[in-house]
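Same chain, two partners: chain A is paired with chain B first, then with chain C.
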Partner chain A sequence: MRKFLDEGKLILIAIPVLIWTLLPIYHLFVLSISNQESMLAGKLWPDNPTLQNFQIVFNQQHYYLHNFWRQLFNSFFIAVSTGLITLFVATFAAFAIARLKVRGGRTMMNLALATYLIPAAFLAIPMYKAMGSYGLLDTQASLILAMVALASPYAIWVLKQASDKLPKELDEAAVMDGATSLQLFRLVYLPLMKPSMVVIGIYALLLAWNEYLYAFLLLSSEKAVPLAVGLGLFLSADDAPWNLLMAAGLLYAIPPAVIYYGFRKNMVGGLTSGAVKS
Partner chain B sequence: MKLDRYFVAGTAVAAVVAGWSGAASAQEVLTAWFTKGFYKGEDDALLAVVDKFQKATGVKVELSLYATEDCVTKSVGAVDAGTPPDVGFCTTYDFRTTGKWAYDGKLEDVSDVIEPLKSEFQPMALSTTFLMNGKAGKKSYYAFPVEQQMMHITYWKDMLEEAGFKEADIPKTWNGYWDFWCDKVQGAMRAKGKRVYGIGHPMGIAASDTFYSFLTFANAYNAKVVDENGKIVLDQPENKKAMVEAVKSYANIFQRGCTPPSSVNWLDPDNNVAFHNRTTVATHNATISIAGKHMDDMNNAALTAEQRATAKKNYEDNIRTAEFPLKADGSKMTNLAAVKTAVIFADAKNKKRAKEFMAFFMKDENLRPFVEGSAGRWVPTTLKGIEAPFWSDGKDPHRAVVYKQYKDGTVPFQFVYNYNFTTVNAENVWAKAVNRVVQDKIPAEQAVDEMIARIKQIAG
Partner chain C sequence: MSTAVMTAPISAPREDASGFTRDRAIWGTIMLAPYVLVFAVMVVYPVGYGLWLGLNWNSYKALFADPIFLRTVVNTVIFLFVAVNLKFLIALGLSGFFVQQRPWIRFVLVLFILPWAVPSIPTILSFRVMLNPENGMVNQQLFQWFGIMEGPGWLTDPTLAFAMSIVVHIWKSLPFWTLILITGRLAIAQDLYEAASVDGANRWQQFRFITWPSLATLYVTSTMLSMIWTLGDFNSVYLLNSGGPGDLNHVLSTLGIRYMRNNNLDLGIASIIVAMPLILPMVFVMVKRLSKGAEA
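On to the complex of A and B.
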């Protein structure tokens, strides 16, 4: 009985939370299948649901969607590059700090983590200035580097925590067998770190996928910006074609949702792997 | 030894970065940031100008187009970072930054470009670019008046007829006009069982529509806020009294229930949305974008023939663009106009070419297609531009009204005389005063006292 009551309480809390969370997504979906006349009618379900908006988006038939596929590719390229580079940086850093015990490694990691004390938005202008000094403005490299800089401290910290849980004896045995540091990294460390690496790669990828501020600050050309910035063009006028924006937005939301659900087991395992010390 | 290794590594990184970035230094480059047009025609006209300029000078124009808010945000960031483009034209510069940038010495004096063209501009539009530079201690031309916007009334003619009225029934007097929509039209629609509001009246503090609309009301009551030297004159008895009347008039529409209750939270698109879904019969808006949406749809090949026909019917027959009524004292209304300004930045790398480009861009044959490309959303600042058939031939029912409003005369915003009013508007001191009356139920006199005190703090 008590268990039933406890579960009842939980459900009572969960239902409003679920509705609150899903309502904007539902609204997004309803607008995306509404035609011109019914999109502003404020109805819970359109009278004549249509896929016409998706057709317009796929065929790039609206002026603001002329670069839809190009910008979607840009989003993929920037997000995947950010994920891979962050993984590269963070894995080596975590290995050096946690396994090789490089002098000053922990201090470096803490200094990097300290950058999170400053909101990323405040760093946008200094980052813009730095990229300008390097002549990287309006190159996708600038956005990728900025995203890697933002993602790396957390990535290093999580991977370092996960590394700490690996038994030291494995390293010692490999060294006894004559393994070099790089062999230790490749043959022992990487296979054991896979779950955590998946989660960190996805974290960095999604961070870059959802980024807007840095993307529009660092990139200028319409053909270079990711789709998030491209869709921002719809807000240029107070009479935006909301149904098209929602249809494009829905499509843009699909890849991260697929990635998340595809790797959710790794996400949970990877995130908690560094949470407590054994 | 370790130091040597760091040095080698550092040099290698620097070399990579230098190699990465050093590609495009051969050709002379001019950087320009513009707000992306709502229509392809607008951007095509701009690209044609850029193309012609490139061919004539051999200078490569690196043109970037941004969404309205992104454009100004990015510009502010670039100016602060000391790396602005050479030319900037964002359609909210005038509301947000032009005056302050000029005062802070962030803009290049462009008098040498403007002076030979002076006679071509509408004097009011040109006057908005004659700005104070606090560093130089003098006024000069620091911007180019590219295009402008005005307030218009938009109403559903078919809904008006459904309520049992004709367009000829709409009064011309200030109070009579609002009473008509509020009591007669709304009353008649309610009597038919329709939950419709007479007016879509922006009240939201976060909406620029609200301060644009409110300042039109203040203008209707001749409430002068600043003089031409930027000195605040709102505290003078006659101006204060007029402002109290303006606040009462603006608040009254909400208090009588003639606008949707949600209008206190409206953002800029919301009065458009309420109009499109026929929740309101009339609204006021700072461009003819409401009608323009239906023009977009009627020309949109991606829509069905039926959808296009409905949009055409709406644009040509059902929706009307109209002037504001006469002022409260019965005199003709002068329209509050916001002139969209292009600038050349003081820190620009290629100021010489930037001036050449702007001189080229402001030529009638280049500027006119750009402004007309907006399909009526933006109004010309040049005398030739407004007399072009596009505006003056009377064939388009909406543009014909805009033309008439232009001819009736325009007045600038206060921020032209005192740049601190960009902050007053951003804080929306005007909407706050109205909301104090309708929500906190304080007398309009007290709300105006608070308004004056805050304006003096910000802009005094």
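On to the complex of A and C.
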């Protein structure tokens, strides 16, 4: 199959694929360096490219951007907390299920998987209601908890699959030497699981950083919301300053893109091999 | 030393083993507890509460009397059917492109993954502005290049706007599924293709008799997974056009949220429960498939 396709035909496929992929991202970039006039004229390239939009964003000089830095920090805080807590919850659970074979572990695993498979938008309404009865609405704890609940099932599943691949003899040998479960976890399991744990930590972190719906439902005060919700506020105006939104949006999109490309090899391998195993 | 060797082998390991079993059970329970807690607090209670709120018969009557809801059900079915199948046909084809061993294709793949790697908010809003019928880039360019005064109402014409939310959905999720199918294709042994081309099989025959049989299970599993997740896609519809124009383009996930935001929580819950007969069988099948995959 490889040899039939020559370079020319491949390029004919590549061009539309790239245009399709990059057009909205290019548009995002062009608006972020456009002034108001060029933006409204829908130019392919602005007349006088400017970095002024970024300056306005950095100095929070627009009504919608008054809390830009605060919200950026909120996004960061929520993402990192979700990543760490998910890692903690999921690594323990995967170890208990896969290596300690705790009773009920398999059932728990299947229940978790079912949560992972139910569309998140459908869980949002009951979760919102529950957060109301816990009195956690409009606190960042509610969003972090929700994101941990959404990230953990997949995290546990991937970690459990990775755990199953570790040779059983390792545990047996350690137990022979008198290792307790905790020592097994600390000295044998954790060092071997590090690569998968990095993938899972980043997975949860990015999930939380990128989340819009839950953030927008659970948080409302301007000082508490992450940047995603702050940017969503632009939707409420008819003639919103889209160029400012795009400048801020570009800044918001860069960290996940950088992280993703930094860890690309581990991420793609780790997530896709686990994602659909038939 | 020698006495230890003589007596120890019989009794000591047993004691150790049973001691370890107890230790194991205790620590297993302790270590599973954090997730059980998260699950109870964030899944069991909310879902139970939701089901209890869903027991109100009147909300279903109100739901089915709402013309927006009926329209939404039809929308959701079309959205699922078109978006998922189109996405997978494209992904199947593109995965064949991306497995070609060329350095520049690897670079194209890196760019191709961007929509999946960056958050939805800026990119979907970029679509929204770009497709604005009056001053969006698309219609302005149509005017400049082709003199079209009034370009298509990308987001104001209901049918076109609905098609655009499908486009956005595909744009966002295509990279992920293409990656999955690439992984699937790479797992196929290369000598099969070599043997086939020696026997004079053409490209279609190679696809039909080698690629497809090896990919079929993965393809079907992925399609099902994608169907469930597409059902929950809130962003492509809401961020692009807020379910508009005139609430005509909602899908179940955005309509539920809309009910809730309008203080109609009962209807929101009811609209989700109505979708359950469709979702639960798929979830059940997928849980079985995925947990089996974990054993293999």
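Quick note on the criterion: the second predicted complex is superposed on the first by the 257 of 278 C-alpha atoms of A that agree within 3 Å, B and C clash if a C-alpha of one lies under 4 Å from a C-alpha of the other, contacts with A are read in each partner's own complex, and residues count from 1 in each chain.
Everything that follows uses one rule, which is that a contact is a pair of C-beta atoms (placed from the backbone, for glycine too) under 8 Å apart; a residue touches a chain by one contact, two chains touch by 3 or more.
Predicted, not measured: the structure shown is a model, and the values here were computed from it.
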Report task. Using the overlay on chain A, decide if chain B and chain C clash or can fit next to each other. Result -> clash
**Report entry** First, second, both or neither for A:42, with chain B first and chain C second
**Finding:** both
Query raised in the report: Does the superposition put A:148 against chain B (first), chain C (second), both, or neither?
Result: second
Query raised in the report: Thinking of the overlay built on chain A, is A:51 touched by chain B (first), by chain C (second), by both, or by neither?
Result: neither
**Report entry** Comparison of chain B and chain C by chain A residues contacted
**Finding:** C
Query - First (chain B), second (chain C), both or neither touched by A:190 - result: neither
Query raised in the report: If you stack the two complexes on chain A, which partner ends up touching A:128: first (chain B), second (chain C), both, or neither?
Result: both
Query raised in the report: After superposition on the shared chain, which partner residues are touched by A:221: those of chain B (first), chain C (second), both, or neither?
Result: first
Report task. Identify the partner contact of A:111: answer first if only chain B is touched, second if only chain C is, both if each is, neither if none is. Result -> second
Requested in this report: Please indicate which partner A:257 is in contact with in the superposed arrangement: first for chain B, second for chain C, both, or neither.
Outcome: second
Query raised in the report: So which bit of chain B gets in the way of chain C here: 259-267, 349-357, 385-393 or 439-447?
Result: 259-267
Query - On chain A, the residue positions that both chain B and chain C contact, one per complex - result: 40-42, 124-126, 128-129, 134, 217, 232, 234-235
Requested in this report: Show which residues of chain A lie in contact with chain B when the two form their complex.
Outcome: 35-37, 40-42, 52, 55-56, 59, 61-63, 124-126, 128-129, 132, 134-139, 141, 216-217, 220-222, 229, 232-241
Report summary line: The chain A residues in contact with chain C across the complex are 1-5, 10, 13-14, 17-18, 20-25, 27-28, 30-31, 39-44, 88-90, 92-93, 95-97, 100-106, 108-115, 117-130, 133-134, 145-146, 148-149, 152, 156-157, 160-161, 164, 175-176, 178, 180-182, 185, 209-210, 212-213, 217, 228, 231-232, 234-235, 242, 245-246, 249-250, 252-253, 256-257, 260-261, 264, 268, 272-273, 275-278
Query raised in the report: What part of chain C is in contact with chain A in the complex they form?
Result: 13, 16-17, 20, 23-29, 31-32, 34-36, 38-39, 41-43, 45-47, 49-50, 53, 94, 96-97, 100-102, 104-105, 108, 110-115, 117-123, 125-127, 129-130, 135-141, 171, 175-176, 179-180, 183, 193, 197, 203, 206-207, 211, 217-218, 221-222, 225, 228-229, 231-235, 238-239, 242, 252-254, 256-257, 260, 265, 268-269, 272, 275, 279, 282-284, 286-287, 289-291, 293-296
Query raised in the report: Can you name the residues of chain B that touch chain A in the complex?
Result: 17-18, 20-22, 33, 35-40, 62, 64-70, 73-74, 77-78, 80-83, 209, 268-269, 272-273, 276-277, 285, 289-290, 292-293, 296-297, 300-304, 307, 310-311, 377
